[in-house]
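Both complexes shown next keep chain A, but they swap its partner, so chain B is in the first and chain C is in the second.
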Partner chain A sequence: MTGALFAQCLVLGILLGGLYALLAAGLTLYFGVMRVVMIAHSAFLILAAYLAWYFHERTGIDPLLSLVVTVPLFFVVGYGMQRFLVSRLRPISLTTMSVLLTFAVALTIEGLLGFVWTGTQRRVQLGYSGMSIEVAGVSIAVVKLIAFGLAAVSLGALYLILRRTSFGRALRATTQHPEAARLVGIDTDRVAGLGFGLGLATAAVGGTALALDYTIYPSLHWHWIGPLMAIIVVGGLGSIPGAAIAALLLGVAASLLQVPLGTTWAQTVFYLALFVTLMIRPQGFFGGRLAQRF
Partner chain B sequence: MRATRRLTVAAIAAASALSLSACLASPEQGGGEGGGPDDPIVIGVSLPLTGDFAEPGKGVQRGYEAWAKHVNENGGLLGRQVELVIVDDQSNADRVASDYERLINQDGVDLVFGPFSTRLVVPAAQVAQDYGFLFVEPAGAAAEVFEQGFDNLFYAAPAIADDHYDHLAEYVLALPEDERPKTVAVASMDDPFAQGTAYGLRDKLADAGIEVVVDEVYPPNTTDFSGIAAKIADSAADLLIVGSQYQDGVNLVVALQQQDYQPQMAAISGAPTNAEFPEAIGDKTEGILAPTGYTPTAPYPSNQEFVEAYTAEHDAPPAEDEANAWTTGQVVAAAVEAVGCADPSPECQEQLVGWLKENEVETVVGTLSWDAQGRPQSAHLIQQYVDGEIKIVLPDDVKEADLVHPKPAW
Partner chain C sequence: MPNASSATRPSGPTPARVLRIGGLLALAAVVLLFPSLAPDPFILSVGVVILSYAVLATSWNLVGGFTGYISLGHAAYSGLGGYATALLILRSGLNPWLALLVGALIVALIAIPVGIASLRVRGASFVIVSIALVLILQLTFQSWHTFTGGSGGLRVPRPFGPDVLRPEQHERFFYLHAVLLALALLTWWLIERSRLGAGLKAIREDEDKAQALGVPTFAYKLIALVTSAFFTALGGGLYALWFGYLDPIFQFSILVGTYMVLMSLLGGVRSLFGPLLGAVVVGYAVEVFKSQYGDTQFHLVATGILLGLVVLFMPDGVIPAITSFLNRRRRAASIREVTAEELARQREEAAR
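After this line comes the complex of A and B, so read on.
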């Protein structure tokens, strides 16, 4: 591998890792707050990408502006989904049943996408799709940079919300000890709903970022959920910084391994990391047990 | 446990809702007894209408449906109307086999047409072979299709995958020494058809001493092509060969543009002949070469009729998938008219197969004939995007424009 190729793949890995980080953050948030395994997270991601594509198709305006609609919309949908579907599951079997429930939601979204927009692959055609900036011999695609920027800003915002607002404190308290949180007067049901909405809002941002640079089709979400699930386990379930670090590391690893191993085998790095984590450190490498820390 | 049960029911309901469309598309057919003169000839097809091959699968569907409509408007086949039963195999090789099993056994269809893509054609053809059915298929061109020992299979297109680029290989090797590419980078989907086409050209060039500097294979579900693009850009190969289906070709070209890789020649099979390709890539298609088994402007006798009939219905000219589907119809129809039967009995199917082995058929892609394994005996046209439009550039006797070399920057 030449130095230039190494640098190029490193940058590509970081850019991809940023997007993984944002999406994994949402996924780990659901688990942290509610012990819910949200299989439909990536289905919502693709839904957001479709909405961005459709918005661009109908109006001709930059798909990024669709965020103004999709982020609040997904927040509300997430809140509703938690209050009216997820919270109806029995607490004792919540985690396992949530897999089934969100699996059904994912299938429904996939089916509806296919029904409304057919199975045809869609791509947002932008004037700047093929454009790139050259820094020290490394080409950085403008669309990837925008996607990374969106992910970084959203992750930062998520961090600030959780650290600096009273809602964030309530959310973290709910994560750490729901009963104690209720004792000090936190409406944990409401907080959980808002937390779910927050997680889904990250899917809206991620989906829009995805639409900038990828061809999308209804069943695409299956290709995302596997690596994302692996990332949050490696990072420590419920830990947002853990998810972000694991996402970046695995994104870079996948990108670099692609050169010697080829595309087919490079993908397995996510699952290998998952197996190694479960064998050596089942609670994850970066979070504590069920991640008390943010 | 009520919640559990309710959820299970919901999950099953969601799953069955997804397969409902497939079921609706296959009404019970009772035409298994040979059919009277007034009964329609029922033709069973399984196609990938969803999943990885949905895009080309739907093209084939449009082609079959346009053909059936055209035949019915012109008096039918042997004086009987033609009726298609099309089911969705979801691009799944296990499913396609059981689909044909069901079409032949339960639905009692009179004839079958093939599905799309080598990966689905092989299991489907096996079922047809087991029941002694004639199997003409529109899209299984990889070498392995013809190495399974099928004696009932005919590929309804001008050439098998390995020979698609023959005209281009000749052109490249005939270039003067200083203009001829020295290095070649290859990337192909892990798919027998895509690989067959790309490797046909790669091997011919490699045999002539052109160095293969990158040789990548990616799985069909790949969406991120930046790593492969980085490798190709790093090699700075003179010639690029891509074996693609559709979306992968689009994504790879965009990723290569993002890394400012500028080859002298870009030969991409699959994606570029798709009508959506220029829309997806924008104004950066100039100079891209692609082999095609079909173009609406080809001067074959029945082609004009096809283009008119198809365009009248769809407001757009047909593409290769539609044309190969139509060709499949033409080939089967020619055999049926010549032999004078169209029923599932082994005698009839055997006669149809025997006739095709001995005869040539005039189609929208030229005159077709086959060897004993079902390989068609012609070569593909080479098209290139010239001034924003895809035009035939090779071979010389049917070209619409001169081949542009080296290609303009994209």
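After this line comes the complex of A and C, so read on.
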């Protein structure tokens, strides 16, 4: 591999890793507040991408503007999903049953997408779709840069919310010890609902970023949920920084392996990492106490 | 079925026992007579498909029902079973039936490291690994053209000569599937009344307490998974021999794994015949759906909504839901097998 090619792959990997990091942060939020593995996360991601595409198709306005609608919408849907669906499950079998429930939601969304917009592959065509900028011999597509920028800004915002606001503190308390959080007067049910909303909002942002750069089709979400689940396990279930680090590392690894192995085989690096992590360190590499039991 | 009569076990023929044996005989009679009653080969082939689903769901229940660990990726084992059988016949010229058995043994071996990786920790990792396994296998079998035939698929040679016509093929495979189903049910029944079964059910109700009582939880879970993978692979292999063609998209389909879960949950994971009942209902619905509306996206929506409803409203299945409804009507039996959470709820209500 030549130096220029290496640099190119490295940059692409980091850009992709940023998007993975944002989406994995969403998955981590659900797991943190409710111990729920949200399989439908990537289905909502594709749904947001479809909404962005449809918005652009009908109005001709830049799909980025669909964020104004999809982010609040997804926040509300996420809140509702926690309050009206997930919280109905029995606490004792919550983790496994929530997987089934969110899996059912994912299937329904995939089916509805195919029903409404058919299985045809869709792609947003924009004035700047083909453009790229060149920095030190590495050419970067503008759309990838925008996607990464969106992901970075949202991750930053998420960080600020979690660290600097009282809601963030309540959410972290709920994640760490729900009973203790209730004892100090935190309404953990409400916080869990809002945490779900935040998580689903990351899917809205991610989906819009995805629509800029990818060809989308209803069953695409399976290609995302596998790597994302691998990332949160490698990073340690429940740890947002862990998820972000794992996302970047694995994104770069997959991108670098694409050159010698091809796209399909490079994808297997995620599953390999998942398997190796569970074999040698089941609690993940960056996770704390929380991950131990899962 | 867990109820008072099975706990006390009277020696004479009680009505419940007569009913149960009668039901079993009736079931066997229906299965045996179905091929001669089926009006045309198409109906017979639907029968084979439903029996195949029943085999898969019952095999799934060996791990899902006993331990409560839900695997969404059991299609990995059925798909591998199909491919192992086909590849053993094609590449090493093995006798088809021997290939079926050897293939299933290989799949059981593959299940060991998978189990070691996913069963050391609780629920979440197990489900994640099970889904990841299907996704990775679909990816590999689609791209590995030289070995698996890639996305073009793989033709499986027929085990019976060309003189055996199609309707007769269906009939023979119907009986073969019935035998396999009987074996899987027998295994479930044997495990249920063994020490292993008691340990597994203890894990399902409360893994911490089971461990504290000295149940070797990890080993037991692994045994359950490997047994389940073995039977699932046999089911997948037998189906491959009947169908004669393997396509990685359908072999390693998330949807097939979902059907197994849905069938078992719907019928009831705690009962011997639950998955069979679920397979008849869901399998029949799937086949009717396909023949009526074709392969539209709508079956995804229907499957999704049905699964969601079952998970939300009757996570223990239809049979337990009906039994508990009936039990509420007549006086409840004195000794019953209750889950830890039911017990907790009862105590809570009693304390109130």
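Here is the rule we go by: the second predicted complex is superposed on the first by the 290 of 294 C-alpha atoms of A that agree within 3 Å, B and C clash if a C-alpha of one lies under 4 Å from a C-alpha of the other, contacts with A are read in each partner's own complex, and residues count from 1 in each chain.
Just so it is clear, a residue touches a chain if its C-beta (ideal position, glycine included) is under 8 Å from a C-beta of that chain, and two chains touch if they have at least 3 such contacts.
Since the structure is predicted, the reported quantities are computational estimates derived from the model, not experimental observations.
Of the two partner chains placed by the overlay, chain B and chain C both lie in contact with A:Arg90. When the two structures are aligned on the shared chain, A:Gln258 is found in touch with chain B, with no touch to chain C.
Contact with chain B, but none with chain C, is seen for A:Leu220 once the two complexes are overlaid on the shared chain. In the superposition on chain A, A:Thr165 makes contact with neither chain B nor chain C. Applying the stated contact rule after C-alpha superposition, one finds that A:Gln283 touches chain C and leaves chain B untouched. In the superposed model, A:Ser132 makes contact with chain B only, not with chain C. Look at A:Leu107: by the touch rule set out above, it reaches both chain B and chain C.
Once the two complexes are laid over each other on the shared chain, residue contacts for A:Leu274 go to chain C alone; chain B is not touched. Once the two complexes are overlaid on the shared chain, A:Thr59 sits clear of chain B and of chain C alike.
Under the contact criterion defined above, the residues of chain A that touch both chain B in one complex and chain C in the other are 88-90, 93, 97, 100-101, 103-104, 107-108, 110-111, 114, 119, 218, 262, 264, 267.
The part of chain C that touches chain A in the complex is made up of residues 68-70, 72, 113, 116-118, 120-125, 127-129, 131-133, 135-136, 139-140, 142-143, 254-255, 258, 261, 265, 296-305, 307-308, 311-312, 315, 340-341.
Against chain A, in their complex, chain B makes its touches with residues 3-4, 7-8, 10-11, 14-15, 17-18, 49-51, 54-55, 58, 190, 216-219, 221-224, 226-228, 230-231, 233-234, 246-247, 250-251, 254-255, 257-260, 276, 279-282, 284, 410. The residues of chain A lying in touch with chain C in their complex are 31, 35, 37, 39, 85, 88-90, 92-93, 95-97, 99-101, 103-115, 119, 218, 222, 225-226, 229-230, 233, 237, 262, 264-265, 267-268, 271, 274-275, 278-279, 282-283, 293-294.
Listing the residues of chain A that touch chain B in their complex gives 2, 4-5, 8-9, 12, 16, 88-90, 93, 97, 100-101, 103-104, 107-108, 110-111, 114, 118-121, 123, 125, 127, 129-132, 134, 139, 141, 143-144, 213-215, 217-220, 223, 255, 258-259, 262-264, 266-267.
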